[in-house]
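Report on the following structure.
Note that the chains take the letters A, B, C and D in the order they are written out, and that residue 1 is the start of every chain.
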Amino acid sequence: MSPPPTDFTAFTDIAKRVNNWGRWGPDDEIGTLNLITDEVVREAASHVRSGRRIPLALPLQQDGVQTGMIPGRVNPLHAMVQVNQEIFGPGTVACSDDVVTMGLQAATHWDALTHVSHSGRVYNGRPANTITPHAGATFAGIDKARHIVSRGVLLDIPRALGGRGTDERLPGDHAVTPEDLEAAEELAGIRVRAGDIVLVRTGQIQLCLAGDRHAYAFPSPGLSLRTPEWFHARDVAAVANDTLTFEIFPPEIEDLWLPVHALDLVEMGMPQGQNWNLEELSTACGQTGCYAFLLSAMPEPFVGGTGTPVAPVAIL
Amino acid sequence: MSPPPTDFTAFTDIAKRVNNWGRWGPDDEIGTLNLITDEVVREAASHVRSGRRIPLALPLQQDGVQTGMIPGRVNPLHAMVQVNQEIFGPGTVACSDDVVTMGLQAATHWDALTHVSHSGRVYNGRPANTITPHAGATFAGIDKARHIVSRGVLLDIPRALGGRGTDERLPGDHAVTPEDLEAAEELAGIRVRAGDIVLVRTGQIQLCLAGDRHAYAFPSPGLSLRTPEWFHARDVAAVANDTLTFEIFPPEIEDLWLPVHALDLVEMGMPQGQNWNLEELSTACGQTGCYAFLLSAMPEPFVGGTGTPVAPVAIL
Amino acid sequence: MSPPPTDFTAFTDIAKRVNNWGRWGPDDEIGTLNLITDEVVREAASHVRSGRRIPLALPLQQDGVQTGMIPGRVNPLHAMVQVNQEIFGPGTVACSDDVVTMGLQAATHWDALTHVSHSGRVYNGRPANTITPHAGATFAGIDKARHIVSRGVLLDIPRALGGRGTDERLPGDHAVTPEDLEAAEELAGIRVRAGDIVLVRTGQIQLCLAGDRHAYAFPSPGLSLRTPEWFHARDVAAVANDTLTFEIFPPEIEDLWLPVHALDLVEMGMPQGQNWNLEELSTACGQTGCYAFLLSAMPEPFVGGTGTPVAPVAIL
Amino acid sequence: MSPPPTDFTAFTDIAKRVNNWGRWGPDDEIGTLNLITDEVVREAASHVRSGRRIPLALPLQQDGVQTGMIPGRVNPLHAMVQVNQEIFGPGTVACSDDVVTMGLQAATHWDALTHVSHSGRVYNGRPANTITPHAGATFAGIDKARHIVSRGVLLDIPRALGGRGTDERLPGDHAVTPEDLEAAEELAGIRVRAGDIVLVRTGQIQLCLAGDRHAYAFPSPGLSLRTPEWFHARDVAAVANDTLTFEIFPPEIEDLWLPVHALDLVEMGMPQGQNWNLEELSTACGQTGCYAFLLSAMPEPFVGGTGTPVAPVAIL
């Protein structure tokens, strides 16, 4: 049965409330990343206490998270073009070189603001056809988002919800709500603020790490349609989590597909990260009780890219 | 005319002096990255003064730095596999997705320790045939080097040498010597120490930025055969610069090809970075007089990779 | 100075005269390939006299004909993913496997009817937007053209024109006219008829074979704007030649780009072949005096492809 | 339990009997393709009776036959790099261009003689290390096999075996024996002779066409270890069939993997074809009673390739 019309009204209403078009000028291409000021970064650096570095990227390999469900989003194919090749003659130093073919959104990645469009528009009200097969995203491509370093905050939902999660992993039908986010804030003893990059842990990636990428993909817990407004209220710079779909999938409202993508990327202009491995970070934060850190998550600057692999690191 | 035999002796002698095989155990796969301790990182964070972030990667695009001179090392080919595709039906949120094919060493990159071998050996004395066409580098691949964050120090050679450089760019036949490095230290008012990542600016990349990738490639200033010993004495964790070849090319000694690669990667186990754009950083350091900063330069964890694209950021 | 308006009128007039939309029904996706009937093929087989087979494809390699002038049309990048890999254990049979990345139109290829569009239309009047980034050509893709075997006829223009060519190669500004085609027919003692595949030799590929792909690319002799009508009158099934651009380039009429592509592919629905090496065939036909043969030039059936590599063979 | 030593003796004995090393000189790189003389081709052309052309290649698409079981052998990834791009300015002819990444052995293909090695040797006794990651097969690569046109003969095993097959498809554990081949010859009323290309139908590809590529892959009927001797006795030029593995899989003798590959490719120097769709051809031959035809199956000339996609056509 289809949802009642009010549902779509709900989406439209939220869209209006979180819309940031024009907020940083008509030509802005980086949206909420504008909220990461030098001052935010300077303060973020003060969160480095132990100097421990925790990488958050999954290994890049052919046996990656993609199942073939999303056409064209291929796992990394790594091939050697030279192996110990003595390019300057016998007995000289030998070189090894490699090539890769991969979907930019195949593994641990950032969505560019232009990864989705709706109603013919991308972020800042630009026409969706600014994305072309030839040049990719000529407006708000990932190459414009070249400064993603800020304070990172881990909101560890299964831990915050205590007994409600299963083995510190949310069930597949759990939509992470603003209330969940606030419970995790309370656990962390921290308040999310302007310019923060929020990492929302669901524990779902455990399925992937255990070798079952199909279970990982679907059904998946993820962010609720109600979260963009919360992120907007807090002026968050970016959000990443440990799922394939970012938002709960299948969606909360029947036939309303990827509403969180549309709200975050198109309306707010806030980058999303997916397939981030937050397990080691969760353990570390649990041990120290500190859930804030310096986060460096620089996009690879693919010109026209609508996404990019990223190798984020939390510096605690 | 071939060089006299003493030249090769010189290489062998240096190789013995800088050799780190076994220093961190027989199974170590990350070499001098071991020198980046938590304490080093903690201290590095204290260098963040303004919070300014300067990205050091070149744009990733088909019109990149590769000229075709190195077989198989192809510039990034970016293609869209979906453009505003309404994958859930007409009127739904529309997705854009991209794929890329590229040489891992094509643009701004890290060499893995296994990027070169000599005399049948890679770092730590392992046989070169631990690199296979099938699996790539099964020992000391780039996927093992997942924590590259440390104090960065810019050694700005053309600036340090004053009038000797041309338009703040070293001439194509300039081998950067230990004396040059120390002149730059003096300019910076800083002493390179254990665990530092040293960025050696030659200015060569200006040629590439001006559109002449052939002039950029060759001839190229770069590190002298005499520098590995200096880096070894200071216990540097990694070195990157703004050239295609890293070391001076053509080489200082005829028929002795890529000696610096062999010394840095194989003997010392010290990662090298190439094609880093240090121009904006040079300007910023010149203005503030501060040449040390927090550097995050996380490798993309390609399993078995002998190199990787990297999007480094200096946080000042 | 721009051309006078009458020039474009000329194009429009020719377009009307050669248009085949609807000729084989509104749903037809193969155009003039319909002219290759079983009878044509049966008769073509009777041209096999010696049994000699002459391959017409250029080698597929990274050092191929593309110069980088056409964005995205990359030369074949061949990489091994397994080299003598004993996949079933030590001492078992060892396998070697390879992957390739290439532009479908990079080397010896067929253009699909959908390789170009004009005024928003492709062949048979279908909208150009039947080509999508996601699925490629959903109408009249190369996968529909799966039966390209017919009588081949070599029209050897430099030989037919005798002393007018240079070293049996047309000069770069020579537009091949209907009169040239008829001179070559006369030389061959043959009349082109319905269902034939015509191979028009210019000799231009000698430049490529001699190693100068830039000279090969431009300027280039090629088919004149006046030839589509001639091909239409003869009901030719397909035409291929030994140039990068197929038609003369730069074009005969200033600012009228690729008119032959538009007439052949869009209006007539006749496939075009490019970068075919006709040198050995020319020698053989010259020796025997026979310019007709059985030609097999099966497209690789890339679903949605707007072109395809082809390895044609003339069987004499 | 391991097989008794006699089994391997059996392999070694057959290897000696079918060995063709040196038969066409020490430098020969095409093996049994030498058996296709001009006379053979001339005679083959006489088998064209109706002029009907039957293509034998599977569509090339991401949803292809590969299941991921063979690392690196990826299904074709087709992407558009231009879609109706007006490269010469607004209103000009618009171009569409595509790129592909694929395993050369991923779909309907020929194995080059160098696709497998055993005991450190490839065809003609050359060392297996003539295949390099850098250059691929420098000896006997697929680029050397550029004349594959000959008489094709369909040996339709399930039809010849009558009630023994299931729905005209061999069961998964059926090893096609010399006796089966002769039963099919008898059905066809034809005797396989020197220079023929033999197409052995099992019907297995029906599983793939029905959408179950896992069932198609394994278990699979295929050629018995005993067939190479039969092909050798008849001096067959090449053999192709409609399975993923070519030979029966799992193998007839435990732990003796890919013996037919080793015998055909390495010892005899006879190319093998896999994933050929023989269903339409089977129907046509059954209707006409003619099982011989002209077969054109030209390899794409990938320099150094150990295999290649092929778009074969039977001309009846």
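To be clear about the criterion, a residue touches a chain if its C-beta (ideal position, glycine included) is under 8 Å from a C-beta of that chain, and two chains touch if they have at least 3 such contacts.
Predicted model, so just to flag it, every value in this text is computed and none were measured.
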Which is it for copies chain C and chain D: same residues on both faces, with over half shared, or different residues? same
Between A-C and B-C, name the chain pair that shares the greater number of C-beta pairs in contact. B-C
Name whichever of C-D, A-D or B-D reuses the A-B interface, so over half of the contact pairs are the same residue numbers. C-D
Just the number, please: Cα centre separation of chain B and chain C in whole Å. 45
Whole-Å distance, C-alpha centre of chain C to that of chain D, is 28
Please output the residue numbers of chain B that touch at least 2 other chains, ranges allowed. 71-72, 74, 77, 79-83, 99, 101, 132-134
In the complex formed with chain A, which residues of chain C make contact? 71-72, 77, 79-81, 83, 99, 101, 133-134
Interface with chain D, chain C side, in the complex: residues 37-46, 48-53, 55, 57-61, 70-74, 76, 78-84, 88, 92-105, 114-118, 128-129, 131-133, 136-137, 143, 146-147, 149, 257-259, 261-262, 294, 296, 298-307, 309, 311-313, 315
